[in-house]
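Some structures are shown below for you to check.
Note that chain A is present in both complexes that follow, paired respectively with chain B and with chain C.
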Partner chain A sequence: MEKGRERNRRGIRGWFDPTVPNNLERWAYFFQRLTGLGILAYVIGHIGDTSFFVGGPFGTGPNQSSWSFDLSITENVVGHLILIFVVLIVTFHGINGIRLILAELGIMVGKPSKIEYPYRPSSLRSVQRHIIWVAIVLAVLAAIWAGSILFG
Partner chain B sequence: MGDKIMTERKIMMIQYVTGILSVFLVSVHLLYQGVIVPYEKAISFSQVLSLYRHIFYGSMLEILLVVILVHGFNGLRIILLELNQSQDWSKAVDIITVIATVVTIAYGTRTVILAVFGGVS
Partner chain C sequence: MSYVKLVVQRYDPERDEKPRFQEYIVPYRKGMTVLDAILYARDYLDHSIGVRFSCRMASCGSCGMKINGKPALACYTQVSELGTERIVVQPMDNFPVIKDLATDFEEFFEKHKELMPYLVREDRAEQENPKSEYLMKPEELERILQFTYCIKCGLCYSVCPTVGTDKLFPGPQAIAQAYRYVEDVRDEGGETRLNILDNPHGIWRCHFAGSCSAVCPKGVDPALGIQLLRRYVMRGKAPRKKGEGSKPFTK
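Coming up: the complex of A and B.
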């Protein structure tokens, strides 16, 4: 019991478990959490910054000068780089999230098979693993597209 | 214990449903920021105002706000619950994430309401 409790108390260190080599799913798990936290932080900031459309925390309605002030802070190279990064992590998080839901429902995880050397589970050879690469590639493409819109 | 597991199962289903909805709603939201509408125009005061006051898009923004915050804060809750399994910690995490969700949704909803019904200045 104590050992079990200890295992559950690895906390964030448990995200980086390097004990299983070539474990793409482990990295997808790690980045799903990391990108989720990043997106949540951005969303909270975005809700704060868009409130300047109505004059900020003490505003009473749509306010053009307050919105211009907000854009003067967010619409620059740094702001655009942050937006591109957000598109990158949102795309990865969304596609990988759909993969996780499919896995939860038992879809595309491969068929159970006899355990034989070198003990590779069928789930790590199925479409599930390919979807992680699809998520990475589409995230990069979406970020490039966002970059072309913002800097083009 | 059994009730707790059932509740967590339902919460996990909410996490999946809000996740799928978020993918759709965020995609539409992003498409309006530079693809369907040119980016420079999309962030202009008049365009933002017209979107807030459009019945479909304004409603979508409010739904997006609720869906993404429920998904986001529940995700944060899941991560925090994984870090420690004590009852006090779990209860504190539950309470704090619910309060954070409600407060953030309230602040975002205030922006939507003022944008739709407030006087322009």
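Coming up: the complex of A and C.
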């Protein structure tokens, strides 16, 4: 029995498969994790990048050549696209995070009521769901704004 | 449509190395449910198919399974609503497989029991042998009514991403039922339930993926119950202390 037990637990696969049962909150859950990992990767990269011109393990110290070298790897089209992507995921992660904090305080998740068929759970049609769309729209707008600055 | 191709996931953990799929051709009739199709295959084509069912009307919660990848009650899913002649049925995720489509609910019910899904009174003698009824106002009933419709089918448990990785997490069904009793004006066991849930594998592990509510066939909305219960856990205070439950009705 133990063999079957282990086989059937969904595991981390379940975190990264939002298609079952495909509700918007499950997609937000998936993107919250994904963007969290993206932000973590950016922070690690940013620390490495900063170390170039403050004399960290890769840098030669705070001087003109290390600063120029740092700019050469970040001030280009790919570097800018990465930064635009970072703005996109940070904005989504932040706003969706606020939604989750409020929802987990029981705010904007609706309230119990008499239910009738076809059932439409109040938590999945409450204000919190609109905030997911707000997070998506604001993340795209922030990315466009960042793009206009970096490429403008 | 004159027939359906029923594809059943076969797996006996005692004998098989891994699951396999077996196909059965089942004659279609109007109004046929997925459970009807499985029972036809079991009765006329292959007696060895393992499946659990009872009421055939979405009241007992026995026939939860994945139908074309989506968790649902087989008795509550019409073949015609799937819009395909090929129907793949698999056991629910997050439950150990007993055989084929039948899954083991032991862990699920243990977690449910741990959160005391019954009215708790400080006066134990009164709890066991109540002398009269306990009245509730309609608005008090409305706060818990939808949660009382839970049939313990386990569909919510099977889609919960936290249950999938944390064996100790009670799961959406058990926590929603804890809310149902904590919020019940006749109950005095709220503080004990909140203490059980206030641990690293408890209520804090829910991240509101909402999948439990999306699949619940009875409109229970466990995600709502969990978030509302979390307010009480956060305050460290149940709505009623011991001895503060509603009083027995007297004329």
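Note that in this section the second predicted complex is superposed on the first by the 131 of 152 C-alpha atoms of A that agree within 3 Å, B and C clash if a C-alpha of one lies under 4 Å from a C-alpha of the other, contacts with A are read in each partner's own complex, and residues count from 1 in each chain.
Everything that follows uses one rule, which is that contacts are C-beta pairs under 8 Å (C-beta built on N, C-alpha and C of every residue); 3 or more make two chains touch, one makes a residue touch a chain.
Just so we're clear, the structure is a prediction, and the values are computed from it rather than from any experiment.
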{"item": "Touched partner set for A:Gly97, first chain B, second chain C, both or neither", "value": "first"}
{"item": "Which of chain B and chain C A:Asn23 touches, first, second, both or neither", "value": "second"}
{"item": "Touching partner for A:Val77 - first (chain B), second (chain C), both, neither", "value": "neither"}
{"item": "First, second, both or neither for A:Tyr119, with chain B first and chain C second", "value": "second"}
{"item": "Partner chain(s) touched by A:Ile12 [first = chain B, second = chain C, both, neither]", "value": "both"}
{"item": "Chain B versus chain C as contact partner of A:Gly110, first or second or both or neither", "value": "second"}
{"item": "Which superposed partner A:Gly36 touches (first chain B, second chain C, both, neither)", "value": "first"}
{"item": "Chain B and chain C contact sites that coincide on chain A, given as residue numbers", "value": "5, 8-9, 11-12, 14, 104"}
{"item": "Residues of chain B that touch chain A when the two form their complex", "value": "16, 19-20, 22-23, 26-27, 30, 34-35, 39, 43, 45, 48-49, 52, 65, 68-69, 72-73, 75-76, 79, 82-85, 104, 107-108, 110-111, 114-115, 117-121"}
{"item": "Residue ranges of chain A touching chain B (in the complex, touch as defined)", "value": "5, 8-9, 11-12, 14, 33, 36-37, 39-40, 43-44, 47-48, 50-51, 53-55, 59-64, 67-68, 71, 75, 87, 90, 94, 97-98, 101, 104, 146, 149-150"}
{"item": "Chain A-facing residues of chain C, complex", "value": "11, 13-14, 18-19, 69-71, 91, 93-98, 103-104, 142-147, 149, 159, 161, 163-165, 167, 206-211, 213-219, 221, 223-225, 227-228, 230-231, 234"}
{"item": "Chain C-facing residues of chain A, complex", "value": "1-5, 7-15, 19-26, 29, 32, 100, 103-106, 109-115, 117, 119-124"}
